[in-house]
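Next, two complexes with subunit A in common: one pairs it with subunit B, the other with subunit C.
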Partner chain A sequence: MALTINSSWAGEKEVTLILEGRLDTSTAPQLEKEIQGLDGVTCLRLDFEKLDYLSSAGLRVILIAQKKMNRCGEMIISHVNETIMEVFEVTGFVDILTIE
Partner chain B sequence: MKSLTVPARVDQLDVVTEFINEELEKQDCSMKAQMQIAIAVEEIFVNIASYAYNPKDGDATILCEIGGNPLAVTIQFLDNGKPYNPLKKEDPDITLSAEEREIGGLGIFMVKKSMDSIDYQYVDGKNILTIKKNI
Partner chain C sequence: MTFRSKRSWIRTIVSAAVFFVVALPFKSLFTLLPGVTEIRPANMIPPVLGLYFGPAAAWGISLGNLVSDITAGSGAFVCISGFIANFFYSYIPYKLWYTLKIGKQPIRPIQLSSVTEIVKYILIILIDSLVTTTALSLIFESAGFQAMASSFPLLFFNNFDFAILLGIPVLSLLEKYRVQPEVPKDCYSANQNPKGKWLDISLYLISAVGIVYLIFSGVTHMQIRPSVAFALLCFVFVGLFLYPLRPVMEVEEQKTSKGRVKISIKTKVTIGFLLLSVVFLLLIGIVTLNTININGQWNRLETWNYLYLVVGITINIVYAVAIAFLWYVEKNITLPIERLSNLTEVYAKQEHDHQTGHEELIQHCSEIPKGDEIGALAQSFQKMMEELDSYMVNLATITADKERIATELNVAKQIQASMMPCIFPAFPERSEFDIYATMMPAKEVGGDFYDFFLIDEKHLAVVMADVSGKGVPAALFMVIGKTLIKNQAQLGHSPAEIFTTVNMQLCENNDAGLFVTSWMGILDIETGKFTYVNAGHNPPLLKKSGGEYEYLRSRPGFVLAGMEGIRYRQFEMTLEEGDMLYLYTDGVTEATNSENQLYGEDRLVKFINQHKDDGPQSLLTSIKGDIDSFVGEAPQFDDITMLCLKIKSKNNT
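The block that comes next holds the complex of A and B.
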């Protein structure tokens, strides 16, 4: 039970982080570290196609990322599965995130 | 009823999750219910691991039973730590903007929203939190 993060760059300022596995208490620090290292990025995309689990520890990091990107650009989350969408809906995160 | 006792430490989360998943996989449980139960287990266990005995060490016991009609999963968490009723925690305001938001309280809020019942008792020096979900 782990999280793999792959990144794909389009130029210097646009990056897609492709998450695979679980975003939970054990793995959330991995994503937090990755996001802290993204200085100068104006468009951050998070691809959730292969993400199959998200807890409040994961939401915490997503909120940190959203706040960071609100200051310097935009953040877009894509390919959110039904169960993870439910988590975003119950917690009101659907209203503060850009999900496509 | 199946039982598991582990040190109340965050690094034991995978062991706890695995224990519950093994029980759920014996049933025809939807992906959605399975994830909601896994989230509840994570939130509650991590809470115990972070606060119940801090700064000392202790154990947590997790009991799991699936049965009844309608079929339901009942999971009980027991620890000998400080008395703590997570149900008393105020629900977070989920209408605030990203900037105004605090993450605290979101975990237990998700548990309340997704389970059919959640009960807390403090008996003989033990915190006993019981969640139940129809599957």
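The block that comes next holds the complex of A and C.
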């Protein structure tokens, strides 16, 4: 299973990345690359509605994204399912992320 | 000339039978010279079978001829001379094939698959027909039977025309059905120089006698005196009977490397073209036969004499053209293809490692003429060989590098394993608790680690941690994390303090964005007070004495190395005798089987409660066994790390 990333822009500084599939060791670099390319964005939204699985490598990329956005704007994660929410809770990520 | 085996006998009998059956009908139906000869398509049989079966066929054919002569009522003189003539007519081609060497081509068992071999066949038939006809004509002449001038051309073309016209298709058929030819056994190699080579001369002398004699009698129209003819006949006979002593040359067996090629393109082209020319010649023969006798003023002898001449001359013209064409095709198409095919075959069979270069093959390949499709094919093949060679060298370098890295990773794995306490029982002198732990990395090195150590005489620390990601980066980060935690713990700080400090230190130089989920507890061995802290790790399972395993849930702090300035909170509880604490990483619950199902927390809790009375070591072994049987053949994706602590009895001292 792979990861598909669809991005939709609202203006020049706001983007939503819709993730579909698994965010694990093999697909995390894909998202990392995508996020590195988002210079100048002030509002990053991650839509997790179709995300099935999140591994620690995926958490690492989310953390990198959060740190990047901390410097220049905000990051909002939406539509988190129960399984992934549990991962966020167990790892303490809920404390540092903005989850809608 | 000895009959070596049963096979030789069979060949003799078959040859006799075939010759008899084909020869007899023509005897009475198509007589040309009454009592001497007739139209004899059967005359192609002796050289063809002779070439294929050697002496056995020669005996068989002379016998067959004898029987057919007797059956037709020929006189004893004709019978005997026919016997001798037919024996040599069959035997000479066989001997010539294995003694005559044209150009550099080695002598191979009879086949018509190249221009050289066709030229050789025609040459052999020419000599054979000349020699036999000379002998026969002289026999008839010396007996006063028939003038040589009139019989010679007839006898000659009777042999030559039919042997070429019908012999070639029959030989092709024998070849196609892969009839095994008889190959002489007692051969000498090209280096040896045996006595008896001069015996070839006898054949050429006999041929020369025949030709000179024919021209002489044809020009002068003189009847040769029987005594002169007889003297010449004696000379011819001496030559003929000596000739079988001629030693044969070494025969090159069919190369086994051509095993995959049943009939080569060269053979196919050659035979196809030969058969075409045979059809053409037959048509010419038929047309001639029907046109020359239109007025009916010629008798049969005259007609056939003329016909034989026409066909004989046409054969030479057609074959001159055919051979020129085939030579061209062979030189430009079939030989290059054959060479290329052999090259590819040799190449395919060779070893292909970085040490074997293919310079020699590449050299051969570059010698194939360029400019047409075959040349292009050769060039492509050459390029492929060169590229593969350099690819092999590259691959060898890369493989060596890979092997080196694999070795280093293996060493790293050992170093990593030895960093975690792995000697059990770990504290044989302490009776208050029992502890056991295992780790199975998924790749060569992993990011999981466990640790346990005595901070001082009455404090035991246990740590379970999982670095995000896998492989070398995770392992390096794990080393740092483990060292920092232990260092901080040994300063006597509380778990929350330890994690707060370690988090700060880990954040300082964390460009890679790695983080560690970690769970740590410190047990006061005397009081049983157990202080623990969780940095984003999955909670452990706790079994109170007499109870069931249950999750020890506490509000987790953020992962270590994730964010600067995190303050961790610690929790407290009391552990009593018989209590068990089971720590693990998500490699356990996320072990996946081939149907992509997770092992899961429910299964773990259920299984561990079935084994709740087991000691730490047997418990971990059982869980590992259950995970293994659940996963089956599916590969292990994540490190699987577990630790189990059992409180035995309070320190009474």
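The working rule: the second predicted complex is superposed on the first by the 100 of 100 C-alpha atoms of A that agree within 3 Å, B and C clash if a C-alpha of one lies under 4 Å from a C-alpha of the other, contacts with A are read in each partner's own complex, and residues count from 1 in each chain.
Rule of thumb we're sticking to: a residue touches a chain if its C-beta (ideal position, glycine included) is under 8 Å from a C-beta of that chain, and two chains touch if they have at least 3 such contacts.
Keep in mind it's a predicted model, so treat the numbers as computed, not measured.
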| item | value |
| --- | --- |
| Which partner reaches more residues of subunit A (counting touched residues only), subunit B or subunit C | B |
| Partner chain(s) touched by A:Cys43 [first = subunit B, second = subunit C, both, neither] | neither |
| Partner chain in contact with A:Glu82 - subunit B first, subunit C second, else both or neither | first |
| First, second, both or neither for A:Ile96, with subunit B first and subunit C second | both |
| First, second, both or neither for A:Lys67, with subunit B first and subunit C second | both |
| Which of subunit B and subunit C A:Ser26 touches, first, second, both or neither | first |
| Which of subunit B and subunit C A:Ala57 touches, first, second, both or neither | both |
| Overlap of subunit C and subunit B interfaces on subunit A (superposed complexes) | 25, 56-57, 59-60, 63, 67, 90-92, 95-96 |
| Sites on subunit A touched by subunit B in the complex | 1, 24-26, 52-57, 59-60, 63, 66-67, 70, 82-83, 86-87, 90-92, 95-96 |
| Interface residues, subunit C side, partner subunit A - complex | 466-470, 513-515, 517, 534-539, 556-559, 562-563, 586 |
| Subunit A - residues contacting subunit C, complex | 25, 56-57, 59-61, 63-64, 67, 89-93, 95-96 |
| List of subunit B residues in touch with subunit A within their complex | 10-11, 13-14, 17-18, 31-32, 35-36, 38-39, 42-43, 46, 94-99, 101, 103, 106-107, 109-110, 113-114 |
